[in-house]
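Presented sequentially are two complexes of subunit A, the first with subunit B as partner and the second with subunit C.
Let's look at the complex of A and B:
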């Protein structure tokens, strides 16, 4: 495969009347990558992926597949395929007919189609005796696999996923996340995945882009985004964090000094807050009362209060043992464990 | 203990009686028509003094029987074909696409159903006359369409609301062109609605009296003939032709049902046992 990106978005915008759904998005997707676009509902991520699939026309900008401009190529002529949120299985067709659909449209003979379908069913681990079954008789997880197989059988260069797991219950979602990642590795195809769950994105993706109000606010590996979020929005989107505002070397919420920190915000993850014993050192120290504790398994989460600000701390069982609710103690964290964001 | 058993048994018996009563109410009239056709007297009396199939022999020998059936059949076939096409397009237009005036169209298209049929028939007759059109079976077919298209539109649109439109997008994304999307996804999804719509259209047209009376002109449909011969000049020929007409429509429906079963068995996936 070539060295360049397989798919390139150049200043893509989409307006619906006065609403700007996608606002000048420029992004490159590498060949064979599992790329996830994450954002809250209404952030424009679905519209963006529909433009990439050819189901929606951009108002401005270009979509390049390798070196070719495909901006005006309709969905049925793009070498891409979408797995929809509702799965959009053909309810009046059998599992086999669903999977063979793309081949049938190309005019492939029945016997060859069936052979391909059975092979694809193996790839997604769908038992072969499901071939003649009606899709309405399949369970949620099986339907998911039929949708995957149908998309894969069209042999696309890029597969799009528009939140296909969002309607599943937690357990099934966890299983399918792992299967999806595994499937990506085995097929070597480029996956572009849409979700509102950063947790889901973290588990599966090679790279993540975070979208807000039609714009990409940050793109990078899960590790990059986790360690160095570019804004409070990204940091808070990733889950429970503590955000403090810094002005003139002081942390306003804690009334504590933060030597050498520029004005802006400090983001501290719950696992980096620790309570300080005698002689323990920390870059930032403050005193806080323990309000509540929540057992999370190997760790315990504590809600702390400083004035009317609630902080979240997570401690391993051993460190949590000494703490009691209502107790006021010294707490602290090190600046090396924080992320600084300007806004 | 035995009290409750007895009460349960009594309830069960009462239910059975009720069911039988309802069935009798529904079918006795049809049975009486059949019985009335099996004699040779002009006065309905039971039991018959003479049991005979003469009325049927006369009916089959009579040229009128064929003409009546052909007229009604011509109208019904035209109504079925046109109403299914118009209603499918109309249902797609109001259930699927967003356009200005959509909600007005949805109401306007249903309005003729609420018109009393004789009023509608009279209105159409006046319009035909004003337009210089001589009423015939064609104008009657038009009149039937005015009343039947809204009903068929409703029947088909129920199917449209019931399925995931994304299927069409998925088909398009998988390489189908517009025609293939319609043939592979939209049409099969609508098929049950189209079949029931067509049956409705056939039966409503086949049995329509109030619109036909005003709009057939010189042509005569089965219900018209039955009505006029039952009021004047009654003979067992009337119930005989009524039975033949019932049988004919039953045959049409049976044929449609058989075709439907055959088609869906061919195309539908096998249901796991």
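Let's look at the complex of A and C:
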């Protein structure tokens, strides 16, 4: 990692008519990091990355690459490259011609271009005999590799990815997530990745920013965000969680006391709810009925009900053994295992 | 299998009959006529190549050449005009583009002769719409291009422009926007984008439009008669004269077969290279 951010967004905003797609985003990206911007559809993440790539002009704010202002530099003159959601491969060109495109634009001689293309194909593990193949003959995973190779071959300082895995099936996505992370490590380039899947972001990223309605609501390492979400939105976006509202030291949904907890919300992950036997201690105790169970392999998920509130608990197989559906039991969790969010 | 085949044949039957009666039979008759002795009218059995000898030897290459040059120039000019128009209409899709497209399409609903006579009134010298208005409003007197090759060419371009534009619009709609953005992102300048991405991707649409334009222009007659006056004799006019005034049907038939051959030489190689399926399966 170098000194200082490689890319710096300063109060970036983008309006389309009355719609504010990106709302005053300020964010620094470190040199060589895998940074992921996550958000639901319509959160402005795609627009943000298009501004960074130079495909869209911001309404206000600045984009700095190292110390230079690149806000008004057109896409074809930025040392960055984007992998599109559709991959945007040139369907009228061969695999080799796609990968060599940037070099051809720079006027690199044919032989040298081919040499570079073959080397890049090695990097993304694309067999060399694909060089003359038409991109329309390639499978989904191969096309993905061609798109990666094409972007890498342009030797950018920063690579942008706009949900390139979202159209893949689950198995292929898992394989490519690992490859992407591996590729990042081997190339040492800065990756800025856009996705709506927090799971994907968690697997791959050094840091994550969560975006909502054009704003960055939280940025940090996956661990920070997992342990200490800044809001209910972030916590609920992270996956299945139990959210309780706290007022005057009492948890409203459970009718239980939570001593010393400020007003706001408590977020409890399913794995931290446990059923209590005789003499088991817990900071917060309540009684709940078991509604349903779902096998998740090594763990079992239970849906519990307290009045009309449904809670989710996940227990390892051993702890799940004694539970039967319909049974009412004592449950609890410790405050150390919860995250407190003000809103 | 056998059943679906019968059904397909039943569906295709009316069109097949129409093509047989309106296209195949006349062509066979014309082809036959082109081999009977000059100025005769009977289906005789002594066939000859004499009509083809006259068609090639008696200076008919001149009107044929004019037709070919006219069709080629019309196609080139229409392509040069239609490409940027289609690009603009595609880029600024929306209400404005819809109105523009409608304005371009509207004249097609008016008879070609009416439009050409209108154009000729516009270009007429002295009291013509253009010359007269310029004279009355600004005191400028101008000549006219009416009855020149230029006027005929203007008419050809005017009539055939939509036939190039609409296939090209279809061609542009098949160019994914992200491919153009990807090209830009990978460092392509405006000219490189045009050459590397836009042109090859719109080529099928342009080729279909160019074929329509070339074939229709090659067979055009009205533009020449109404706007070109007596100066321009094109092959269609020559053929018409063989069949009417000259009463030499066999020679007219031979000339017709030559024009069909020229058309086929141009059309088939182009058609072979166009991926019609890609254009139509959209």
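Assume the second predicted complex is superposed on the first by the 341 of 343 C-alpha atoms of A that agree within 3 Å, B and C clash if a C-alpha of one lies under 4 Å from a C-alpha of the other, contacts with A are read in each partner's own complex, and residues count from 1 in each chain.
Definition applied: contacts are C-beta pairs under 8 Å (C-beta built on N, C-alpha and C of every residue); 3 or more make two chains touch, one makes a residue touch a chain.
Since we're looking at a predicted model, the values are computed, not measured.
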Return fit or clash for subunit B versus subunit C, each positioned on subunit A through the superposition. clash
After superposition on the shared chain, which partner residues are touched by A:94: those of subunit B (first), subunit C (second), both, or neither? first
Identify the partner contact of A:154: answer first if only subunit B is touched, second if only subunit C is, both if each is, neither if none is. both
Quick check for you: in the superposed arrangement, does A:37 touch first (subunit B), second (subunit C), both or neither? neither
What is the contact status of A:84 with respect to subunit B (first) and subunit C (second): first, second, both, or neither? both
With the two structures laid over each other on chain A, which partner does A:313 touch: subunit B (first), subunit C (second), both, or neither? neither
Applying the touch criterion given at the start, work out whether A:105 contacts subunit B, subunit C, both or neither, answering first, second, both or neither. both
Once the shared chain is lined up, is A:137 touching subunit B (first), subunit C (second), both, or neither of them? first
Once the two structures are fitted together, what part of subunit A is touched by subunit B and by subunit C alike? 53-55, 74-77, 80-82, 84, 86, 88-92, 101-102, 104-106, 150, 154
For the subunit A and subunit B complex, residues of the former touching the latter: 53-55, 74-77, 80-82, 84, 86, 88-97, 101-102, 104-106, 132-135, 137, 150-151, 154
Using the touch definition up top, name the residues of subunit B that touch subunit A in the complex. 163-164, 166-167, 169-177, 180, 184-185, 188-189, 267-272
Listed in rising order, the residues of subunit C that touch subunit A in the complex are 176, 178-179, 181-189, 192, 196-197, 200-201
Quick one: in the complex, what on subunit A touches subunit C? 53-55, 74-77, 80-82, 84-86, 88-92, 101-102, 104-106, 150, 154
